[in-house]
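A, B, C and D label the chains in the order they appear, each numbered from 1.
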Amino acid sequence: MDSTTTGAPVLRLRGIRKTFGPKVAIDAMDLEVTAGEVHALCGENGAGKSTLMNILVGIHQPDSGEITVRGRPERIDGPAGASRLGIGMVHQHFTLVPSMTVAENIYLGRQPRRWGLLADRRAMRRAAGELLERYGFPLDPDQKVGELAVGQRQRVEIVKALAFDAEILILDEPTAVLTPAEVDELMDVIAGLRERGRTVLFITHKLREVKAVADRVTVIRHGLSVGTRDTEGLAESEIAGLMVGRSVFMADRRQTTAGAFDGAPALLELDAVSCENAEGRRTLDEVALTIRPGEILGIAGIEGNGQTELAEAVTGLRRVTGGRVLLDGRDLTSATPRERREAGTAFIPEDRLDRGLSPEMSVAENLGASNYRRAGLVRRGMVSQSALRAYASGRITEFDIRGAQPDTPVGTLSGGNMQKVVVARELAREPALLVVAQPTRGVDIGASEFVHRQILAAAGRGTAVLLISSELSEVLALSDRIGVMLQGRLVEVIDTAEATETRLGLAMSGATGDGTGGPGTDDAGGTTSHAGTGTERKAAS
Amino acid sequence: MSGFTSAVLIQTVPVLLAALAAMFTQQARILNVAVEGMMLMAAFVAIAVGQITGSVGVAVLAAVGAGVLMSLLFGIFTLRLNANPLVAGLGINLLAGGVTVFLLERVYENPGGLRPDEFPELWSVSGDWLRAIPFVGPALDGQSVIVLLALALVPLSWLLLYRTPIGYAMRAAGEDEHAARAAGISVGRARMTAVLLSGLLGGLAGAQLSMAALHFFLPDMTSGRGFLGLAAMLFGGATPAGSLGASTLFGVAGAAGDRLQGGAIPNQLVLAVPYIAAILALTAARMGLFRKIRSARRSRTAQEAADGVAV
Amino acid sequence: GGESGGGAKSASDFDAAYVMSDNLGDKGFNDSAAAGFKKAEDEGVGTKLLQASPSDPQTWRQNLEEVSGSGKYDLIFTGPGMHDNLAAVAPQHPDQKYVFFDDELDAPNVLSVRYAQNEGSYLAGILAATASKDTTSFPLSKNTDKVGVVAGQDLPGIQDFIVGFKQGVAQVDPAMKVQVSFVGNFNDAQKAYDLTKTMYQGGTDVVYNVSGPAGLGILKAAADTGHYAIGVDSDQNSLYPKNVLASMLKQIGTSVHASINQAKDGEIEYGKTVIYGLDNDGVDLVYNDALVPDSAKKAVSDARTDVVDGKVKVASVLK
Amino acid sequence: MTTTPTTSTTGPGLAPKPPGPQGPAGPTESARRIREIWVSVRKPLFSVALTLVLGFGIVLLVSDQPLHAYEQLFVANFSTPANFGNLLMRSAPLLLIALGIVFSFRAGVFNVGGEGQLYVGAVAAAATGLALPGLPGPLLITACVAAGVVAGALLAWIPAILKVTWGVDEVVITLMLNFIAILFTSYLVANPLRDPEAYGATSRMLPEQSWLPAIPGLPTGNIGFVIALLLVPAAWLLLFRTVWGADLRAAGTNLRFAETVGVRGRREIILSMLLSGALAGVAGAVYVLGTGHRFEQNFSPEFGLIALTVALLARLHPVGVLLTSLFYAAMLNGAAYMQIATNVPRSLVSLLTGLLVLLMTVEVRRRRRRGQAKEVSA
């Protein structure tokens, strides 16, 4: 199997069409994948990438079209069928059961049996251990998946997909939730798979990754393939152009001179703010920072180092156990989220389906939430429906929210367009302080660009911005200053001009190169950042 | 003492079976309020069939079959027709009440109940080995097979749930539908299996109720035991051992309540004891769980549970 | 039940309707009444029995209004729980005649019929206490000086049974204890069974069933544990012939049949109340002859004579 | 739709802009509304039709006059003013409880405790009426209704506070509280409130000035129904046209979202439950003041349970609740007329009700599927 000659299509799709009710998700899709290649799929949010891959593993059935696997036309009626054909998939949203162990997850739905009835757990554990070892993943087969970090979970997903000798592995946006170091490791894993003769189909919004690992790339737009190219010698801008049908502005570095905000009064000031979880462990440890009007403070860091807590502490969604939060000199430490919003805070949360939106409610109501009075939609105590609809239509046009009518339930929009709804709602508040977490996670380049522009524009109007992102390029592109979070502490704050990816990367990992950080990281962090933290501490006190 | 233990046991078993019934569906993420109706239907069929055939075995099988049939109906409505499980379950209960009285009225021309003059005795189990079991042994002696079966079903359902592929499938379908589907599990089938299992157990509960001691059927004779089972299951964290513990607690509350009767406390309040116990127990369990969740690493499902969005 | 299917009035020369606040099949009040109607029907009377959910007063009212307004019935019977409804409806139909069971209403077109369940229960108490003491004639007794009542719900009508029973027990032995438990409803036979078993385990010799349908559980518990019980409402002696000593009956069917015949003959005095008690066989204790020896019967019949003669007044919770 | 580069770098203004290309215009707007309503009612209508057909099949089996029976089921309700009044009185408690349920369900709280809240509302109204016999009518009625409101709301507050504080499942708590409330009220009516003159378990009769006046022309209908009717538009406005309603629905669909945009989710959940319990309490008070004139131990044929299905069949919409509760009331009362006029047994009605409840729910979730609807059982 491994020695399939290159050039022979292992997988061929012809005229695949898939509709959801009136919505055409995939129009007439053609795709050819050569055995042994790493094939990237790119396209805007909602272009139909995930849907297409779900068809390949039998989760969806196409309305029409033909799938050929190794030259034979096939009907794939479910993940089990796909697995029989040697197709495995790692989904965009993890498909692991947190309460089950790594081994149990890998063999979920296809456990080896004992006495015909019981699942043979010993065999599962042993086989899982062997698999993990074969792919070089240092994981304990008996550990509960719920206890694993995101990157580790993804490995479980990959092993799960490969467990039954999947020849074709589909990865749907595997890097969206990974840290830079984890992304690099994943790229190595993919390269390793290619060496083992596997075919990899790989969806990503990050063109750098396409260049780094893919042999060929197919771009999808509006459910149609707009072309397949060799990545060799292909410019990122060319892929971007294919994707959105125009050239895109790629935010580079923000052109502010160092020290431009020196001396300006702070809008947001955190004074040794701490949070604890119920076990008493500090998830946020005496964080001190200031942001001035018009300034963008970027926070880089590996996920789980207190960024979420920081955002929630500032927005009042998490109780702080120590320190003070000051907005424009006002002590808001014990203010509720509502009071903070009234005081001028806006928040674009990291997970739009979790905190950002109410999927079942309409676009208009999601846009209107918390803005009704502000936007003058309340007449005589009642929300004027015509005004609300007009308001929503205005935002939809202005923010180019695709596929949305005021009455459309937000949950049916694609990820990028959902994100635009959140951004539109929060910016409509003309906030004094904007807290943004992972603003472009899973968002296509066109939409990312748009969101970036909006953030810059808000700062241009004098909004102080706290930008949290695990995407170093994003932080570097937008921030005036950059702080790094490590184990709940803000270990370094430097001007963007002085920042490089390497320097930030080192600070993020505690300079030991060990992603999870070790006990010795404090000192190491100190050595790279004493200057930055020093000034910041001074500014804060 | 043995009298009390045996009273507790008798009161525990129907609730335990109902709890186990609701547990399977709960693991597959369906709140099963229909256990009450399944029990009622089974209780009726047990007597009706026992009267005709004179055979205990056939009667029990028929009762279980009736429970399964009701659960199938519940499953079709909730899983195939997307009915809200809460309302569909209450609808099943209404239907069971309606059908039993309707049949009593049309077939037996006695809407008040069905009491055959002759009814076969449900097999009971006794023996020295049984009495030798510490604490519960003497109380177990002479109990119906269903009582022993119910107790045996606690480890058996644990085995089914945590050690068999179908158990894995049900739990996965309940915990993360997408994950289950991606693993090639037919979520619909897994859930349906859970629902049918609950019908089986609900059927046993009904058979125990009408066949073990009474040998007759009365309309509404389940009197909320299915709901108590549901509460016990939730209190027990939807696990077999937890369900056993919680059902036993309710059994103790019930038996103790019976002994409080005739005392200074008004009888209506004594009768409320198991329900009050259920509320207190559930709250206490959640308070404990809540603390655990808050201290657990922040995962999304846990957070949802803490926020009371999910059960 | 006997239903004449809404036929026109001409189908029979006398038509009677019974508006219930419960269903048939209670093996008690309604079934007993239904037996009376059946007997009348066999004699050519048109009858219509209207059941209703016991927890739906609005339907009771609706049914009463509907049959009263239809003008089809020569006599309308109604019973427990209907006081307010009848009080509202009867004056609106002054030409319509009513018989009101088990309660009282002062209206010119209503005959009220009451049953002295306290008197019947008094006899049950005498028997229970006698059986408890006399262990030779009643070998299942242990002379524990304890008897009990397992009742359905805590309702005035049910309390009337209980006070009568207690008085009967006290008549035999003032020191004897009477334990009372409530099932909470009239359907949960298993609960009745459990409560009764608990009582027997606590040393009670005889339990009196005041639980309606659920009372079958009481009798079953007596049979399963080898104790005595006293039945109620219908003759339950044959259900468990080794354990049921007697049954306390309210002869509702008899009174229904009698009322219909009196009405046909124009002999009813509306606006009055008739009390069916021990003196006119409206309530009675029927023995299980295999279990109750003549000595015990004698004690009971002496007590009955005292009540009929007015020497003993049985207390009642009802006015 | 071609993609156009977004050039706007200026901040979005707050004033509503004139409607864009897809903005609604006059006639299309009303057409859209009509279509919307049709879409929302056609599935419930289908369920009703299906139930009626199935029910007819059963009546066909058991009755020799199936047509007459079915005619009675519906026509008799409208044949006399008295019958029509009965119909309204039957629907009043359903309507009130179901309106309350709409609020709690919209806020994401599955209040199954309507029955218990109804009972405590009724008993509180009765107790108040008996305690203050000297008050003039309007004042006494107000006091009784207020007592019902408070009692119902208090009972609903228990599961609400348990839910927001510890995430205790409200379904089971409200179910258990139903049993407790009914036992508690039966204690009251057997002891302090008992009418020693009465043969049944009822409270003493309330003073006559507390009885709700009849609707003119409908001797059997009282203004209790009018109260309920007026609450329909009020509930609709509150739910769909006020910011509070939007907040409540936000909390019901995604609590974490609600919290994030500054909705006081916990507060809205508690408020919705208080409102829900209060409305069930009003239903109890209306029953006592309007129909029973005293508290009767078993006065409810599971109004709380039926109201639950009314609310869900109505897709948690107040207008739908009005129509649906009238429909159910017609079914329930019609069944009684059917029994009087034909030989169809009463038990058929409970059978049909069960069937109806089941069939009705089939459509309920359809709409919840859009978006990542959280399941009831989740």
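Operating definition for what follows: contacts are C-beta pairs under 8 Å (C-beta built on N, C-alpha and C of every residue); 3 or more make two chains touch, one makes a residue touch a chain.
Since the structure is predicted, the reported quantities are computational estimates derived from the model, not experimental observations.
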| item | value |
| --- | --- |
| Longest centre-to-centre distance from chain D, chain (CA-based) | A |
| Centre-to-centre distance between chain D and chain C (centres being mean Cα positions), rounded to whole Å | 39 |
| Inter-centroid spacing, chain C versus chain A (mean Cα positions, whole Å) | 75 |
| Distance from chain C to chain B - Cα centre to Cα centre, in angstrom | 36 |
| Geometric centre distance via CA averages, chain B-chain A, whole Å | 44 |
| In chain C, residues with contacts to at least two other chains | 23, 51, 154, 184 |
| Where chain B touches two or more other chains, by residue | 101, 104-105, 111, 266, 268, 271 |
| Touching two or more other chains - residue numbers and ranges from chain D | 183, 186-187, 190, 256, 345, 350 |
| All touching chain pairs, where touch follows the definition stated at the start | A-B, A-D, B-C, B-D, C-D |
| Residues of chain A that touch chain B when the two form their complex | 57, 59, 78-80, 83, 89, 91, 93-100, 104-105, 108-111, 113, 117-119, 121, 146-147, 160, 277-279, 308, 351, 354 |
| In the complex, chain C residues that touch chain B | 23-27, 31, 51, 154, 179-182, 184-185, 187-191, 193-195, 197-198, 201-202, 213-214, 216-217, 220-221, 224, 239 |
| Chain B - residues contacting chain D, complex | 26, 29-31, 33, 73, 77, 81-88, 90-99, 101-102, 104-106, 111, 224, 227, 230-231, 234, 266, 268-269, 271-272, 275-276, 278-279, 282-283, 286-287, 289-290, 303-311 |
| Chain B contact footprint on chain D (complex, rising order) | 62, 108, 110, 112, 162-164, 166-169, 171-173, 175-177, 179-180, 183-184, 186-187, 190-191, 255-256, 305, 308-309, 312, 345, 347-358, 360-362, 364-366, 369, 374-378 |
| Chain D partner contacts - residues on chain C that touch it in the complex | 3, 5-6, 23, 48, 50-59, 62-63, 65-67, 69-70, 80-81, 83-84, 102-104, 153-157, 184, 317-319 |
